[in-house]
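Presented sequentially are two complexes of chain A, the first with chain B as partner and the second with chain C.
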Partner chain A sequence: MGYAIEVNNVIKKFKRGSGLKKREIVAVNNATFEINEGEIFGLLGPNGAGKTTLVRCIATLLIPDSGTIKIMGKDVLKYPLFCRRQIGLLTSGERTLYWKLSAKDNLKFFAALYGLDKKETEKRIDYLMELLGLKEVQNERVEKYSSGMKQKVSLARALIHDPKVLLLDEPTLGLDPQFARFLRDFIKNVLNRQERKTILLTTHYMDEADELCSRIAFINQGRIVDCKTPEEYKRDLPHSEVLEIKTTLITNAKELEENLSKIPTIEKVNITTQNTITHFKIILPRAEQVLSDVISEVQKYAKILAIDVNEPTLEDVFIYITGRRLTEDTKEELELE
Partner chain B sequence: MNQSLRNLLKEWFAKAKHYLRAIWLENLKEWKIELTYKPDFIRGLIDPLVYALPYLLYGIALVGGRTSENLNRLVGTNDLITFVTLGYIFVGFLNMALWAMGFALRKEQHWGTLEAVFAAPVPRWVFALGMALHSTLHQGLMIFLQIIVINLIFKLTIHPQGILPSLVVIGLMLIALYGFGLMIASLTLILKQGWLVSEALSGIMMIITPIAYPLSVLPVFMQKAALFLPTTYGVMTVRHFLIGEQMGFSLWTSFLRLVILGIFWVGVGMLIFEIIDRRTRRSGTIAHY
Partner chain C sequence: MNFKAQLRIVISEFQKSIKIWLAYPILLVFWVIAPLMWLLPFIFQGKALVGGMHSEAFKNLTGSPNYLPFVLIGAMVSTYIFSGLWGVGNSLREETYWGTLEYIIASPASPILVLLGKTLAEFLYASVNVGLQALLATLFLGLNLTITKILPVLVIVLLLVIGFYGFAIAFAGLTLLIKEAHGWVHTIEWVFYLFSPIRYPVEVSPITKTLSALIPLTYALVAIRTIILLNKNLGDLHKIIFILLIMDIVLLLGGYIIFRLSERRTKVAGTLGQY
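== the complex of A and B ==
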């Protein structure tokens, strides 16, 4: 079996601002990976890591500054029409449909763009509406739908031409848990297992990547920092534990982070603050051994609210590799060349 | 017939079918969306009529009747009302290119649907032709209603045998206007205030196209500029066929220039569209508005 998608040394920069404030953002920095036919490949990284930019390059919506991308063996810039036919694109965000039209009319229009004739269109729409449970509402205007239903219609559009490859860019972002659950099961069971579609899924939800993907590329500040199976990632921290602490607000967290890092056996410290509560994640072989040292150090800065020791998750591996959490937004200062 | 040629033909046929259907459904989609705002749609039909009437009444008031000897001396017909009404049709065609087509992409951008459309396996010109088809049908309907109503009020007199050749002329002129529309449609994608381009161009074109007056009343430099606009040939030739306007150039010249302008403006439109499409895909500005 060949590769469904090949991404080779892709660089994409954006210019921001104007005049003196003009600067360049490297949104994708020399990305290289291959996706096998039939696999669900995850691109996991925090907001602003460059996931959407990569997807848009693959979908021919952006032209990379350098590097090549191939879909089913063909270069996307040389054979854009062929490549677009192979791809179904689903993005997060609701405003990608014609809200004034019904689901059915939306799908009819896109079916024509994808070259389906009248009969094929009817058949395909019937099938997809049934499959996604939208049959009853298919003639109502999309503006009346909930976000979950809108996302289902967008998914139906991505599937209208029965593409071999699906690009799903944060498909569950902003959906309520029930719809997110449905969508994840659908992606795994129907799209991948039954219909054998190759899927590129981007997300910043660790669980989603862990649950769905056969392989995951970690992306941080435009760089692919690692790429392997979820099991392999977890083996990166074989004998580790994660000590999690919640405290009252800490203002000079940098200093504390440095002090904690000096404690023997501590491998990684990540501190984030959310709504006046500061969260610690400390990766180390055995929490018990240094617990008292850690507590006395932290107590110099704030009041401890909770302490917990856990097995490392995929997110902890991400922190271990990048020093950052998946839920942290990428700060743009860091992205200057 | 050998096998590979047959396959080639088959492929070509399938492609033609695909693109034609895409053009048709783009047109249908626009109608459906338009008809969901019924009051706006109806207003859109009535507005041009309301705007046309002052032109006509002003003319009548100035001249003191619907016939003008001065007009007759200039262009060989004295029927002011028919002259202006026929001219006014071309305002509709200008609006079609500059506003309806010119803002079709911007509209999609605003709705958030442009990326989905551009991710589909059809060349961009197919989508452009769909926009053109819808704007033309839309404008055609408005012009038709306009003529019927004005005819009820003022009783227009035309040579019926001129209708068919007029349609041919309008068809030729539309090709050039599609070029304009395409150019503006792409400019509006990168200019924050794209409507300024439409505003400026429609202002200029409205003045130098001899809509409500003969070409010869314009200052000489404007007359020269008018010779680069397809609407000039459109309006004068149609009036030539329908009410015998003397154009100051031959029919042949008019057709030939319309064809040349058509090729020129479609070429310019496609070129600018292509350049801007590449540019926005490099700079990543298309999703932002």
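== the complex of A and C ==
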């Protein structure tokens, strides 16, 4: 079995600002990975890490500055029509459909764009509407649908031409937990197991990536920093624990972070502040050994609200590798001179 | 993709555009009435200035003393142009607002085929609009529009819109880059109003007369007025028809090239789906 998607040394830069303030941002920096046919591959990283830019390059919506991308063995820039036929695209957000048209009319239009004839179109629409439980409402205008139903129609659109490869860019973002659950089950059991689709899933939800993906690439500031199975990632932190401390009224977070990092056996310290609450994630072999030292250090700078010791998750692995949380936004660190 | 599949894309876009229009019935009624509402102030203005609808000064410039049919024809023909400019030129901006543009561009269909479908829908819409205006103008405003004149007029209209839609396709491509359509459409509208004989003969000023020669609408309006007001036929207008044909070829080719270049530049800049 070959590769469904091959990404080789892809670089994508954007120009931002104007005049003297004009600068270049590296959105994707030398990305390289391959996705096997029939695999669910995750691209996991915080907002602004370059996930969507990479997906858009693969979907031929963006032209990379350098590097190559192949779909089913063919270069997307040399054979764009072939590659587009192999790809089904699903992004987050409600506003990706014609709200004044019914689900059926939306699908009919996009079926025509993919070259399906009338008979094939009817057959695919019937199948997908049945599969996604939209049969009863398929003739109603999309504007009357709930967010979840709209996302189901968007998913049906991505599947209308029965593509081999699916690009799912943050597909559960903004959906209610019940529908997000449905979508995850659908991706795993129907699209991957039954229909054998190759799926590239971008997400910043670690649970989603952990549950669905056979392999995950961590992406941070445009770079692919690692690519492994979820189990391999977790094995990277053998015998480790994560000490989580919730504090308030912190006086000097930076100094405290430095002091905590100096405590023997502590491997990584990550601090995030939201409103007046500051969260610490400390990765270390055994929390019990240094707990009293940590508490006394933290108490010098802040008031402790809660302390917890947990097993490391994928997010902790991400912090361990990049020093950043998945929920952080990427700002201007990607700037070039 | 074979010809049949490409034709299906054009028809699907045509059907989609019509269905979306029909979802806004009040807007449809407005666009039928609006051209006449724009026209009435000029009729009243003409009456106030020359004391009626006939003017010797007007005759010296146009060959016909009758101001009303002149303005009526200008209003009707320009409906094709302006609805095309709004409908086709602005159409990709609309797709951006709907969030559907990226899905069109990510498909194997050429966006030019989608624009062609929009063009056909606009042409139908403008034709219904102009047909109603012509009916009202014939019944209530004394426009002499007989069946024998309609066919040659339609030939000229077709020659006009083919080239103009080439321009609108180029404009649609440019809106992908400039991310703003309304200001530009208004500017183009006023350039057309000023430098082509929609509301007045361009001969009133040497500047308008010279610049009007660059605009296909000028030739189409001169030809249509010659057919309707001076009872000439297409054979008498072979020179104008030739000019319109050349302009059509240039505008269609130019429109295609500009669209493709704009689309590519947008993909490089990464601004395709941006508002």
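Assume the second predicted complex is superposed on the first by the 330 of 337 C-alpha atoms of A that agree within 3 Å, B and C clash if a C-alpha of one lies under 4 Å from a C-alpha of the other, contacts with A are read in each partner's own complex, and residues count from 1 in each chain.
As a working rule, a contact is a pair of C-beta atoms (placed from the backbone, for glycine too) under 8 Å apart; a residue touches a chain by one contact, two chains touch by 3 or more.
This one's a predicted model, so the numbers in the text were calculated from it and none came from an experiment.
*Asks:* Aligned on chain A, chain B and chain C: do they clash or fit?
*Replies:* Verdict on chain A: clash between chain B and chain C.
*Asks:* Contact-wise, after the overlay, does A:T60 reach chain B, chain C, both or neither (first, second, both, neither)?
*Replies:* both
*Asks:* With both complexes superposed on chain A, which partner does A:Y114 reach: first (chain B), second (chain C), both or neither?
*Replies:* both
*Asks:* Regarding the shared-chain residue A:K100, is it in contact with chain B (first), chain C (second), both, or neither?
*Replies:* both
*Asks:* Taking the two structures together, which residues of chain A meet both chain B and chain C?
*Replies:* On chain A, the overlap between the chain B and chain C contacts is residues 12, 14-15, 53, 56, 59-63, 80-81, 84-85, 87, 89, 91, 93, 95-101, 105, 108-110, 112-115, 117, 141, 157.
*Asks:* Please output the residues of chain A touching chain C within their complex, sorted ascending.
*Replies:* 12, 14-15, 27, 53, 56, 59-63, 80-81, 84-85, 87, 89, 91, 93, 95-101, 105, 108-110, 112-115, 117, 141, 157
*Asks:* Applying the document's contact rule, which stretches of chain C touch chain A when the two form their complex?
*Replies:* 1, 4-5, 8-9, 11-13, 15-16, 19-20, 23-24, 98-100, 102-109, 114, 264, 267-270, 272-273
*Asks:* Sort out for me which residues of chain A touch chain B in the complex.
*Replies:* Within the complex, chain A touches chain B at residues 12, 14-15, 53, 56, 59-63, 65, 80-82, 84-85, 87, 89, 91, 93, 95-101, 105, 108-110, 112-115, 117, 141, 157.
*Asks:* If we count contacts the way the header does, which residues on chain B are in touch with chain A in the complex?
*Replies:* Touching chain A: residues 14, 17-18, 21-22, 24-26, 28-29, 32-33, 36-37, 111-113, 115-123, 127, 278, 281-284, 286 of chain B.
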